[in-house]
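These are the structures in question, set out in turn.
Each of the next two complexes has chain A plus one more chain, namely chain B in the first and chain C in the second.
Now for the complex of A and B:
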């Protein structure tokens, strides 16, 4: 009896130690990239006698940019992880915000609660546009990359027709919108709400279980009775809704909507999310994937703030090159990670 | 027999076609000469307008003046382009207008004005510049072109001085750190305004402190290279154009917490809301519009040098005269080149002086005023004195 008790005690201690080790490993894995990125960028700024986030304005910009990147990354990953490359995300963002801006202005004329109404309408218009995009993909049975290119052109064309190719400005420049751009709190609330909603939707609902099953093995999942089409449609609608929020946040940040983005001009909105998506997926190995996207967005926002500090020496084209190089370096690392691990073990 | 019949039928058909084609040509030729000789008095005159900016209130005020006022008061129809982005699109627009029967082109787009004039000459349509001006060398080259009616706008020296005065205003108010928005450099008017701003701040650019010295280098650099700026006032940020990276560039500028944000064009259109929110005093060279009025009265807009919507009235008048057969020339027989100065406002009352006077129902250049130069006998002195009086 004593021996058994002794063994049980030992096992308990070992598993507790193992558990602590796993938690520690997860914490390190989750926080390593943002902490290292923050340290490197912070030191670069300090060495040059500057602060990465030097005042309230820069903190507001930091949070708003992080919100835009996090939500775009989640939207991009939803379909991309299921093998559906959706080029129309940017077009959904500009069209939904464009429609929302016009309707909001016609109702409130730029008065009180304009920002709240525009956010709601942009979200609703985004869901509708996402649904239409999904239906086009399902009905036409074209490869998603092709159908999404067509949808992009259609949505850009609709916005161009609506605006005559000009910027939507008067409709979105008012006190209500200025309050949102002048504070970090609304963007922070949006981050929290979106993150919690996405974690619940994809990790704790029937739809989420089915989505994950389809993502892991479509054929097997379909054979077990999971219906693929409704799941795909919901994915498109969720992506659309998220891009509606991105459209709203971009409008807050730019104080206008460019109505003249023809010929895939809107695609750049989506491309900002590639690097954070890969970083977020990596962090997601150690914690929740969606939380990984938030941390990746914070990394990108820190990089953006550092670029802002050195804007006079590192111009926009240099910044694009640096972003592209970082993406390539990270992809090279991801693709050769197993070799690195092998090397370390040996 | 059948073959013979077919042969004669073919000959008959070809003859009918030939006769109708010739008749058609004759009719068109008659119509053309009628339109020219009538000069728009009988038939509606079509004028094409080249536009680079379709979004700003300035641009909208211009198009509203032509469409909502001038087109109703005169027998004229305006056709506007979408936003023209380059010389090729300007050329294509002129070709399209010419094919649609436009007899004159008014330019508010300046990617390549030399090419615009040459294209108008090729299609035998009159050409006039409504915003900005050709640089001196270009004007010398094209001033005797029979289709170049002229240019009524701010001269490059006037652009330089406008930028200079705006910068001096902020320096006198104690600005030690400024951010500059260079609008759409290498557009010549924006180059000269920016050169004026640097000079007004008391800065040198690449060692130069004079108009041509600074402007020439900005043309060469296609923008402002901050490493070449030296002076007591610190230029903490400079950016230009509008695109995907502008929001980041603007945020970088506002985060540098400048004492003033100086724009040489469209700054109020793009950034007024953010500047008001960040409480950064700003100045711009733009127009007298409702949003600028709001920014001046309740925001941080402290200085504006501007034109008003109907300031493009005289250029329309000389274009109509040319189409009517009275191509007005200066004393030396060259195309008109008349400087139209900017009006400046630094407070709400000064702003209202121009803003309230000029609206689409009763513009400053109304029909009664323009009629003084819309005639077969109007001459250079008439046009010059009218422009200078307003």
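Now for the complex of A and C:
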């Protein structure tokens, strides 16, 4: 008996130690990339006698950009993880914010609560555009990459026709919008609300379980009775809603909406989310995937702040090159990780 | 028995319609375009020349791109690669003033860009689409950097207009397209390379089990596409001797639309057709130009794009009516 008790005690101790070890490993895995990125970028700024986030304005920009990247990344990953590549995300963002800006201005003429109304309308317009995109995909039964090409062209064309190809500026430059861009708190609240909503929706609801089942094995999931069409429609609507928020935040950040983006000009909005999506998925191995996207967005925002510090020497073209090279390097590591580990073991 | 025969005949007729639909669409679009130009009272020969010059670059690059698409992959960096090759060509000519050397540099740049994409995809195992997204960013950014530093943000860089002027004639362009197309047609339809590429696109696992090397065929496919990029860049310079940061900016996506428009399945495989590039390329340009003439206003470009997109979706829907599955396509 004593021996058994001794063994049980020992086992308890061992499992507790192992549990602590796992938690420690998970924490390290989750925080490693953001901490290392922050340190490297911080040191680069310090060596050149500058600060990555030097004042309140740059901190506001940092939080707003992190919100934009996180939400775009989540929207991109929802359909991409299910094997549906959606080119129309950027077009949804510009069209929903364009429609919302016009309607808001016609109701409030740039007065009090313009920003709040525009956010609500952007979200609603985004959901509607997402639903239309999903319906086109479901009705035509075309590969999503093809249907989204058509949808992108249609949405870009609608915005161009609406604006005559010019920028929407007067409608979005008012005190209410300036208050949102002049503070980090609204963007922070948006980050928290979106993150919690997405975690609950995709990890703790019937829809989320079915989404994950369809993601892992489409045919098996459909054969077990999961209804794929409503699930896909909800995914498209959620993506649209998220891109509506992105459209609003982009408007806050730039103080205008470019209405002249034709010929797939809007897809660049989506391409900014590729690197954070892969970084987020990597971090997601150690914690929640959506939380990984937040940390990846923070990394990208730190990089963006560093670019802003060196704006005189690192121009837009150089920034694109650096981002693309980082994407390639990270993907080379990610896709050859097993080979590298094998090499280290040997 | 009779019922089965009827079903078979109906299926055969359906297949034939689907096969000839893109060609019929091209003929109809050509007639519509001519009618629109005549109705508006414009010079038909001038507008046909514009369509020809725009269409030929798209058709040449799309013909090479078929080799990538038939593998079931796709490359959206082809437009950026065309811009990069043209930029390199202009830089080279301005440095050495030697046309043959410029042509070689353009060709090598095109093949080099595609080769890099294929190496990233096949050797470093990066998903092809993501590799081409990264390449697109790098190539457009490098080209923009060169163009803005040497020619200003709006001006661009150029070669003297008389250098390639003698080649800016339909005969030269038709011969170039015909030679390149026949070469690709031969490789695609009558050699092991083409057959194996279609096999890989149709069933990569089965192809691998029968001993077909994916990496080798991916690299060959990308190299042929690179050659077409070089040719496209050269034809672009023949038509307009200056290069700006927006040159060929939408070419990469237009190729995708054109190929699908021409009746090729985006998933590649056995149904891949080399003719799709030419038929789809010219159809898309004809449609775009006809609509621009019809909606001749400040917001006309927007309406043109909406109608093009709806038409595109309808054509693709009609062409893929026979391929309906229980689950949603991915």
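Quick note on the criterion: the second predicted complex is superposed on the first by the 346 of 346 C-alpha atoms of A that agree within 3 Å, B and C clash if a C-alpha of one lies under 4 Å from a C-alpha of the other, contacts with A are read in each partner's own complex, and residues count from 1 in each chain.
Just so we're on the same page, a contact is a pair of C-beta atoms (placed from the backbone, for glycine too) under 8 Å apart; a residue touches a chain by one contact, two chains touch by 3 or more.
Just so you know, these numbers come straight off a predicted model, no measurement behind them.
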Quick check for you: in the superposed arrangement, does A:61 touch first (chain B), second (chain C), both or neither? first
Larger contact residue set on chain A - chain B or chain C: C
Based on the superposed arrangement, let me know which partner A:161 touches: chain B (first), chain C (second), both, or neither? second
Touch test for A:146: chain B only (first), chain C only (second), both, or neither? second
Looking at A:324, would you say it contacts chain B, chain C, both, or neither? Reply first, second, both or neither. second
Return first, second, both or neither, reflecting whether A:253 touches chain B, chain C, both chains, or no partner chain. first
Could you look at A:215 and tell me whether it touches chain B, chain C, both or neither (first, second, both, neither)? neither
After superposition on chain A, the chain A residues reached by both chain B and chain C are 164-165, 316, 319-320
Taking the touch rule as given, give the residues of chain C at its contact with chain A in the complex, in rising order. 120, 124-127, 129-131, 133-135, 137-138, 140-142, 144-145, 148, 249-250, 253-254, 256-257, 260, 266-267, 298-299, 301-306, 308-310, 312-313, 316-317, 320, 324-330
Within their complex, state which residues of chain A touch chain C. 82-85, 136-138, 140-147, 149-154, 156-162, 164-165, 218-219, 222, 228-229, 232, 262-264, 267, 271, 274, 315-321, 323-325, 327-328, 331-332, 335-336
Show me the residue ranges of chain B that touch chain A in the complex, using the header's touch definition. 54-55, 57, 82-83, 226, 236-239, 244-249, 251-255, 257, 269-274, 276-278, 291
Flag every residue of chain A that touches chain B in the complex, lowest number first. 54-55, 57-58, 61, 164-167, 169-170, 173-174, 177-178, 181-182, 253-256, 260, 268, 304, 307-309, 311-312, 316, 319-320
